[in-house]
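Below are two complexes that have subunit A in common, paired first with subunit B and then with subunit C.
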Partner chain A sequence: MIGTSLCRWANSYFAVAILWLLLAEGLIVVGFGFPNSDIGGPDTLVIVHIVCIGWVSTVLCGALFQFVPVLVARPLYAERLTLPALALLTLGLTVLLAGFLALGGHFNGPPWLLPFGASLLIAGFALVVANLGMTLWSARPLPGPARFVAGGLACVCVTAVFGGMFSLVLSGTAIGAQWPDLLESGVPIHAIAGLGGWLTFTAMGVSYRLLAMFMLAPDGDARLGRPAWLAGVAALTIGLVGGVLALWRMTGLNPALLLAGASALLSLAAYGRDVLGLYEARKRRTLELNTRMSLVAVASLVAAALLAAALLATSSFPLHVGTIAFLVAFGWLTGLVLANLYKIVPFLTWLETYGPVMGRVPTPRVQDLVAERRALKWFVLFFAGSWAATLMLLIDAAFGFRVAVAVVMLATLGLSEEFIRARRLADVTGPLRLPAGAAAPHLLVSRN
Partner chain B sequence: MTIDEDDLVAQITQALKVVVDPELGHNIVDLGFIYDVSIDDGAAHITMTATTRGCPAASFLKEGVANSACLVPGVESVDVTMTFEPAWQPSMISPGVRSSLGFAEVN
Partner chain C sequence: MTEFIDVDVRPILRAGGEPFSVIMAALERLEPGEGLRLYAPFKPVPLFDVMASKGFAHREAELEGGEWEIRFMRDDGSCEAAEAACATSGDSDWPEPVVHLDNRDLDPPEPMVRILAAMGRLAPGQTLCALLSREPVFLFRELTKRGHQWRGGFTSKDAYQLTVRVHA
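Take a look at the complex of A and B:
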């Protein structure tokens, strides 16, 4: 199959994800969770899981349903599984958050909330992994970027299994009581597999292909991305195996984490060098806003790696885990996702509206669906706010952090309006907007 | 190929200019996506490419090419082949369009 079709529910995934992001930002602005309360406490867990599952994982799943078929030039295994997966992920996260709120004493909830929410989430991720995994399986041997996605899918399984076990411990079940030390050694594994393996590794893989596509840079060299892939797999393996060994009290946790961290830095350095190489080899000199903002997000990831190295060197890393996590979650992942949504939403909208009439009537360009000058200010606010918030965490200025996140939230609202305008074809003027035979798209559901 | 057939090929090529690559915003003829157009007893055979294998736009482009060629008087049927050999290169873009797209001077 040469072309792949549109995923019907991709825009629904994006919309649900953005609502979760706005909720997380709103909670931080009103002072809920870290840094006003303990970084490992239930309130912070609410925000961490809204950001990691509700926002980044949901948007990543929607994007993967659309772009894994592009990466491997094969159709998605089962389009019909995408909506049930979204329902399970959304419901599961809602129940899980209720469980955390009950754990934090905000209301008197039953103890089964956490394991029940975790089970729904595991079922949702299982549908996602099965669907994408079967699509990848049909395309062996996998091209480079798709291998990163396969690694990411393996990691989300590890993350989900540990998350499920934690829910049994935290809710005080008899099974959970058999693992008294699970949280201490297991949380780093859960976080490494989730943030490092699933979210970052997958995003790296997809960005290789998307950046090359949008900059028209040659990415045919099979060696491209291999050092980043090998070092990344080494980092994840050392982190996960070391973590499990520490769990069985066979070794301490710190040596494994240090080795994994060093490999991760090597992987990120190789990735940074590859992105720079693609940028320098690009055939398209004038880059569109989405690509320029993706590069800014990559700069945030490099900054996070350098900051982590500096904090490790001065032995102050444990004090600033929250700062690094924030910069990775917002400056890198959220920035990269918003920049790419700014391309993906108009592109999918264009295909849905104008693809069927192509060749019969004149059609606009994808770029006619967006107004880059208007969107640029929101991106500037977003990155400035994210970096200011990181700085505020670094100097322990809790109120300053909330103000900076309010700026990030304003930018998110501004960009959300840009996405809605693209879906509504609001920036396409004249007869090109809806030529004969073309139908206006629905906001959340695509015709395919 | 007869003069009439040459003329029909020229007309088909002109008709294909209504198909625009959504990403690059120019018609696919000037972008160099059309590798070959030939006529065989009223049947048009078109060989074309796209920027990326697996791109969701590729099937729409193929359909658009078939639609626009069908509209040319004298064309009885259209057969479109999508190929990625050789792979499309920005050097295949016509010079005027290339500079307007902000492409590097390429080999």
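Take a look at the complex of A and C:
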């Protein structure tokens, strides 16, 4: 029965993350990275890491700092560690990107850029994992959704360890030279743990609780999420253990990946069924824009899974890894995050602004902080652009892909403006906007 | 009307002992219709799952000094029936609620707005009782800031009962 307070820096995390997303989209639009260059090349690595670390990981960390306390009804272990973590993640990613650019011959950088950037990132993620881990630890036994987050935190550790080792190999250090085969077998582990374990698994767990919370759906069923959790843990374990065994040449990599993929599909199927169940059981009949758009994001995830299965069946999967990765990163993760930010930012702003005067003077509703009709067109553009871009990758049309991503970027800019308008209370009109005793919120920092 | 058997594990824990067997022994001695009232120096969250697996629902109330009073009742529907009795036995120092709100079907954060608005109309020391569909984690910080006291807990899978007393 401990009250949850506002995380001071959550909005700063969101803002930094959106800037990274816009940078990634901008780079793709001007033709930087895949598909105009090699999928494993340094330029593509720049884009992949901006999207996965700068955008999705940063926004996820901010959301977790705010919502893990809600998941487990415990205060955050150390609020004061949230800002240093953001600084380390941002600085670490910047140095890492410089390392990739040097590797790609864009400038003459020292060889220590990659390992140094990786170390800063590992330090940043260590602060995040320690902070959230201690919060979860204080709430044992963990409720279902929080277990997904715990699994995700374990996976980000694996991702970071492999990333650190790659940085040593890629920068040509003596230590890295001892692992000549690391990149070949290690990259799938790095990607499975990062995209599958940390980003997708954690997003699944948080969405269970947030969807139920915002739709007034009963989420007390102990079975909710259990099949998705068990199959997901199986997928990650098989993928990671199989990958490590393959690294030591004890087994081939492909059988492990195939088994892990099958378990992952099972997990996603169970998750999809749970989410549909929550939508059906909701008491709130009219769906708000954020819940409708979350559903579209989940549809993208289903589409990615089906596409991956079809490509595997026709043995053309290796040719189209980039297509699947793009659909997962944009249609699913980015779509889900933007849809939820569209609720989270106004909700936190409302709580911060009107909480102190609530019950004393009339206050606007959370819905009054947004204009759904205006935002809907940005979401439509976003998903249409993401799917068009996926299609362009599938048919190998590099220019068409860039045009589609330009549409996605335009939609991102539009949604960013919506978030800023919510923070500025721009859509709340009349005397309700700032009643006596309420103070206008700052753009990036919350009063808690 | 549920009768409660009291088990106070605070002295056992203070002495460095392990109270689990004492609780289980008390559980075995319960007659039909009887519940267990547990006093603990912290909220015994791990115990809730154990008790749920044995068919016991619980209601929790924070006491002064961070200590907890937990009432375990057989989860056969008698929990809700015993609700009135629970409220009077545990909350004897709190007056009967003057306002009852059923906020279970309201869109968040409307339940919170209604509770805070109703609290503003109460006199010091008076109480309000509200039913909610989930634990109102964001409301607690506002109650704390305003100096109100509260007690609450799940009375069934999807009903959370909250009693708030206006700062006297």
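Convention: the second predicted complex is superposed on the first by the 446 of 448 C-alpha atoms of A that agree within 3 Å, B and C clash if a C-alpha of one lies under 4 Å from a C-alpha of the other, contacts with A are read in each partner's own complex, and residues count from 1 in each chain.
Assume contacts are C-beta pairs under 8 Å (C-beta built on N, C-alpha and C of every residue); 3 or more make two chains touch, one makes a residue touch a chain.
Small disclaimer: the values here were computed from a predicted structure and weren't measured.
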Simultaneous placement of subunit C and subunit B on subunit A, clash or fit: clash
Which of subunit B and subunit C A:Leu216 touches, first, second, both or neither: both
First (subunit B), second (subunit C), both or neither touched by A:His442: neither
Partner chain in contact with A:Pro356 - subunit B first, subunit C second, else both or neither: both
Which of subunit B and subunit C A:Val70 touches, first, second, both or neither: both
Subunit B versus subunit C as contact partner of A:Val366, first or second or both or neither: both
Contacts of A:Ser5 with subunit B and subunit C, given as first, second, both or neither: both
Partner chain in contact with A:Arg282 - subunit B first, subunit C second, else both or neither: first
Footprint overlap on subunit A, where subunit B in one structure and subunit C in the other make contact: 2-5, 69-70, 73, 213, 216, 220, 283-284, 347, 350-351, 355-356, 358-360, 363, 365-366
Residues of subunit B defined as touching subunit A within the complex: 16, 18-20, 22-25, 50-68, 71, 82, 87, 90, 101-104, 106
Contact footprint of subunit C on subunit A as seen in their complex: 1-5, 69-70, 73, 139-141, 213-214, 216, 218-221, 283-284, 347, 350-351, 355-356, 358-360, 363, 365-366
Subunit B partner contacts - residues on subunit A that touch it in the complex: 2-6, 66, 69-74, 213, 216, 220, 282-286, 347-348, 350-351, 354-356, 358-363, 365-368
Subunit A contact footprint on subunit C (complex, rising order): 43, 45-46, 49, 60, 62, 105, 107-110, 112-113, 115-120, 133-135, 137-145, 150, 152-154, 157-158
